[in-house]
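Here chain A shows up in two complexes: once beside chain B, once beside chain C.
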Partner chain A sequence: MKFTHFLLLILILLMPSGLNATISIQKCMICHGKPGFKKVEESGKMKELYVNFSVLENSVHKKKVCTDCHADVVEIPHRHTPEKVKCIRCHYKGNPEGAPQSDKYLEYQKSVHGRESEKGNPKAPVCQECHGNHDIRHTKDALSRVSKLNVPKTCGRCHMDIYAQYVKSIHGKSLLVEHKQDAPSCTDCHGEHNILAPEESESTVNPVNVVKTCAHCHESVDIVGKYGIETTQVSLYEHSFHGIAVKYGSKKVANCASCHGTHNILPPEDPDSPVNINNIPKTCGKPECHPGANKNYAKGKIHVNPKSRESGVIYWTGLFFKYLTILTMMALVIHILLDLNRRSKEWREQKKKP
Partner chain B sequence: MEDNKNKNEEFVERMNLNLRIQHIILFLSLIILAISGLALYFHDTWFGRFLIQLEGGIEARGKIHRFSAIVLIILSIYHVIYIVFSEEGHSEFSKLLVRLQDFKDFLTDILYTLNISPNHAEFEKYSYREKFQYWGVGVGVIIMIFTGLILWFQDIAMAVLPKWCIDLTFVIHGGAGLVIFFLLFIWHLYDVHLSPFNFPMNSVWLTGKISLDKLRKTHYKEFLKITGERK
Partner chain C sequence: MAGTEEKTVKKVSTKPEIEESFLNEIREEVIARIQELLIKDEKIPEDIKEKVVQEINEKLPEIVAKRVEGVKEEIIKESINLAVTSRKELLALYRKKEKEKEKEEMFQRFNIHFRIQHMILFTSVIFLILTGLPLKFPGFSPVAFLVDVFGGIDNTRIIHRIAASLLVLFMIYHTLYTIFHHEGRRDFWLLLPRIKDIKDVIQNLKYFFGMTDEKPKFGRFSYVEKFDYWAVYWGCVIMIGSGILMWFEELSLKILPKFILDAAKEAHSDEALLATLAIVIWHFYNVHFNPDKFPGSLTWFHGKITKEEMIEHHLLEYEEIMRKRKQVTEERLNNNG
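For the complex of A and B:
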């Protein structure tokens, strides 16, 4: 008896590997190749089971067969609904399968999406939600769901309100309408696999880090400079009251997004922009900032550069104090030298006397 | 330095208790204001970062700065009242007024120091240097309090002042602050501490007393006046 049990056990253990030989695509296509092949799920939803083989052939996985990913399908027809594909089977650093050598999966696990998915939140996206299923293409491929131009739409499938704001923003318009590759899509600010909730201190859009995130482009002559956008704004902000306080960890003061907005960002010339000259009193006058702000807030440049001639009286006053300080220092040094000279003279005279 | 051996020296009062206390409160508040102000001025250098850390972060820095400012404002109001309404303060202040003689003294001093003329300048109770430091700090403190209040109560100030005035105020507050810092912390401290005549310290600020001998050397006219009164 015991021996038969043991034999059975060995057989069971060996079975999957024994039967895990690749099943040819043609076999799967007998059913999944039929347009209109679908089933009704327990929830009552229709589930499309048709797979357009040409889609797979144009994807990065064209050399793979169905069971490379659907590894739990060991016989045709399969008796159980195959499990959701786990991309980490191949996509890890050191894989022998020929997949890109990267540990993005680990980044994902730490991200807000990964953690929610781990908790069992059904809304949290796993790889396929963003990258697609059979239609996965290279990021640089314009047809990829995660290509620069398609990322907003992909994120917008879940984050619909934000997508609606983004497409109207200057970033959205520049990227989606004018196809300027320098304009940011979602991932340029929020990160990709490592995306975190804005409340988390390490998030790229947390008040502590958002300045650096905006600065990445808005300080760069190569990125925004060539479109005639000023590149000194960030460093001027960093030397302002707001900027200094943010740098030292204050969360009360304004960062870039507090005034300029986030997904709905618009250039100051736009009458709807919160930093349009007509909207500045309202923007500064938020109850938690400067309640009662009036038109005076709009009189004068916001990102003022005291070291630039354009700043007029502010520049000249700064220059005056610079030279006053230098003169004071010089007077001070001269005074000390003269004083020492005088003391030594007095001392010598005193020595001579008696 | 050279005349401390005579222990039977006679001392006269130079700085009364009231002035000594005013002086101590003044320099304590100014030191704290300077440290917390320089922290902001040099915020992007290691020096500023060190100071801000020392003061417990950027918000604590602001609180420390404003608390010392309150102390300084109260002291300044008291000082004005002292000058205007007390006889003692009034007479002391009148000795600090700038006169033509001060410019002459300054010239005499320069000529003497440069070996052009053998004559010493002889001073009354306050020499031109002491007057300069008093007025330097006085005017400076008035500017700093005025601009500081605008920056502190910015929301109220901006009901009247446009944004560029606030930026200007910020530049003035920082610039004037730095000048006062050099004037006091280096010039004045050199005069009363490091100068060979006073090294390691002129103790008048603590004892209020000066030896007649020293008074004779530094403020000859005042010496004559005091000794004359006695005779």
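For the complex of A and C:
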């Protein structure tokens, strides 16, 4: 008898502790599996408490059980409202749970969203606001809330007016209407977990960095080149006075967004585009830029390449000076070398003489 | 000098004069010794003794005079010899000193206006280059750091414009100087290119290649200096012209289309590089690194060059100056005569 008791004890001890603590999904489903299960919150809002189990089964967390995330639920029925799920329980670098090994959570904490949330701003998003809760799917999954095509809508839940601008822009149309995967959604410019406010110097859309951000696509033959969009615009900008001044830290001069706009970017052919030939005087003539700009500002390319024959008089000026410089300097250097040569000859002859 | 000395010698030899005291001194001595000699000889009678003394006494001046004349001749000859040798030495020394004096003579090449213009020009250009280069080569760290040195892009632009104003000031000063100062007018005339300059270039090339040992002879301005002058002229016109268009961009765009301003920018940037290279390589070689001038000529400061340099580099001008001087002295002599 004693031996069987001992064996039982060992069996109990060896039992996976989780099995003891975990409450099976079936048990949760007793209540949460009923469609229409909801409660009235203090604010008077109705809160849906029904969980569609098939949604969870199709998510990346299909192998998890309820209490893996709702860890504070230890008995059923639970007496208190469970706390908001904290994803960092699993999502950190070096986790043993099988979650992706990344420090995204730390990035988030530094972001404007993370900092606001830390401050207690109820509007600031935590993971679930963007990624969803039971329905979390892989980013590459088209049904994911953070898939390329769904990101604008996800961000737009809070940033509604910007979403309205974006959908009308060339970027928005290309992505949402034409489903061009190369077109940028919000995160391609603003970043994902590391989003910062545009005023912050490290923000990807800060005047200091925005050129680099646009250049990521607009300098790439693989991304924009194949659509027939010019890829030299960024480097030409960088060689213009505006670009050079930005490089030296000026915040007064125009960057890409100053002329092209931000969320409302349109191609120059569009009559509503600020860089449409008819709108250039107005765009350049902003009171803080070149007040009083007229049609002359539009006569000639803005992103002008002096090395291209199409640039006309600019090209010929450059060519003239190129050859003037080469020929002049060659003549001068040869003159110097010949002079030195003759001098050294004379010295040698003088040395020979006693 | 030698001739006058010889003349005096001849004068002395024709009139031998012996001092009375000197003659008496000899006479006393001679008579005393003769008498001593005659006293010992008792055979000679007294009156003959007296006659001998008398005879000697009479002939003595003649003897002394003859001897003194010979000695005098010798002394003079020796002195003349001495004078001739020392004259040669002294003359050599004198000539050497004269030569040194001539060598030390400095020729005023550039007047105060010209020097002040050059000082304004180089101050302005140094700052224009230092503030302009970072804009021409924004990614090139050996010049890009200059923006930080000047305190950011905005300050760099302000300094560039201050220096540009100096350049404009220089241009105005030089134009007024050329029009209203007689030396300015003369220099401008002399700076105009002539066919001789082409001949000089060919001659210098021949000299460089060892085809001739004769260097070209230059006037006040060699073709090198003419090139430098007109290069600055050309550079100032291009740089100030395009610079003003860009400085008053909003004003110029009221009249001109954007592509003209872009062309102005291209010209400004390219000509700046050409000017910088020409200054750093060509001008610095001519006035600093050239073995004759190393580590640098101070002519920009005092405006003078030595006679040696004058002959070496501006022979024709030197000859002209010398001719004029001669003319002036001759005129003076004639006036005095």
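One rule holds for everything that comes next: the second predicted complex is superposed on the first by the 316 of 354 C-alpha atoms of A that agree within 3 Å, B and C clash if a C-alpha of one lies under 4 Å from a C-alpha of the other, contacts with A are read in each partner's own complex, and residues count from 1 in each chain.
The working rule: a contact is a pair of C-beta atoms (placed from the backbone, for glycine too) under 8 Å apart; a residue touches a chain by one contact, two chains touch by 3 or more.
Here the structure is a predicted model, which is why all the values come from computation and not from measurement.
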item: Combined model on chain A: chain C and chain B, fit or clash; value: clash
item: First, second, both or neither for A:Thr325, with chain B first and chain C second; value: both
item: Chain B versus chain C as contact partner of A:Ile244, first or second or both or neither; value: both
item: Partner chain in contact with A:Asn294 - chain B first, chain C second, else both or neither; value: both
item: Touching partner for A:Pro306 - first (chain B), second (chain C), both, neither; value: both
item: Partner chain(s) touched by A:Arg342 [first = chain B, second = chain C, both, neither]; value: both
item: Contacts of A:Gln350 with chain B and chain C, given as first, second, both or neither; value: first
item: Shared chain A contacts, counted only where both chain B and chain C touch the same residue; value: 238-239, 241, 244-245, 247-250, 252, 290-294, 296-302, 304, 306, 311-314, 317-318, 321-322, 324-325, 328-329, 332, 336, 338-343, 345
item: Chain C residues touching chain A - in the complex, by the definition given at the top; value: 134-135, 138-139, 144, 147, 152-154, 156, 205, 207-210, 249-250, 253-263, 265-267, 270-271, 273-274, 277-278, 281-282, 285, 290-291
item: Residue ranges of chain B touching chain A (in the complex, touch as defined); value: 2, 40, 43-44, 52, 57-59, 110, 112-115, 154-155, 158-168, 170-172, 174-176, 178-179, 182-183, 186-187, 190-191, 195-197
item: Contact footprint of chain B on chain A as seen in their complex; value: 238-239, 241, 244-245, 247-250, 252, 290-294, 296-302, 304, 306, 311-314, 317-318, 320-322, 324-325, 328-329, 332, 335-336, 338-345, 347, 350
item: In the complex, chain A residues that touch chain C; value: 238-239, 241, 243-245, 247-250, 252, 290-294, 296-302, 304, 306, 311-314, 317-318, 321-322, 324-325, 328-329, 332-333, 336, 338-343, 345
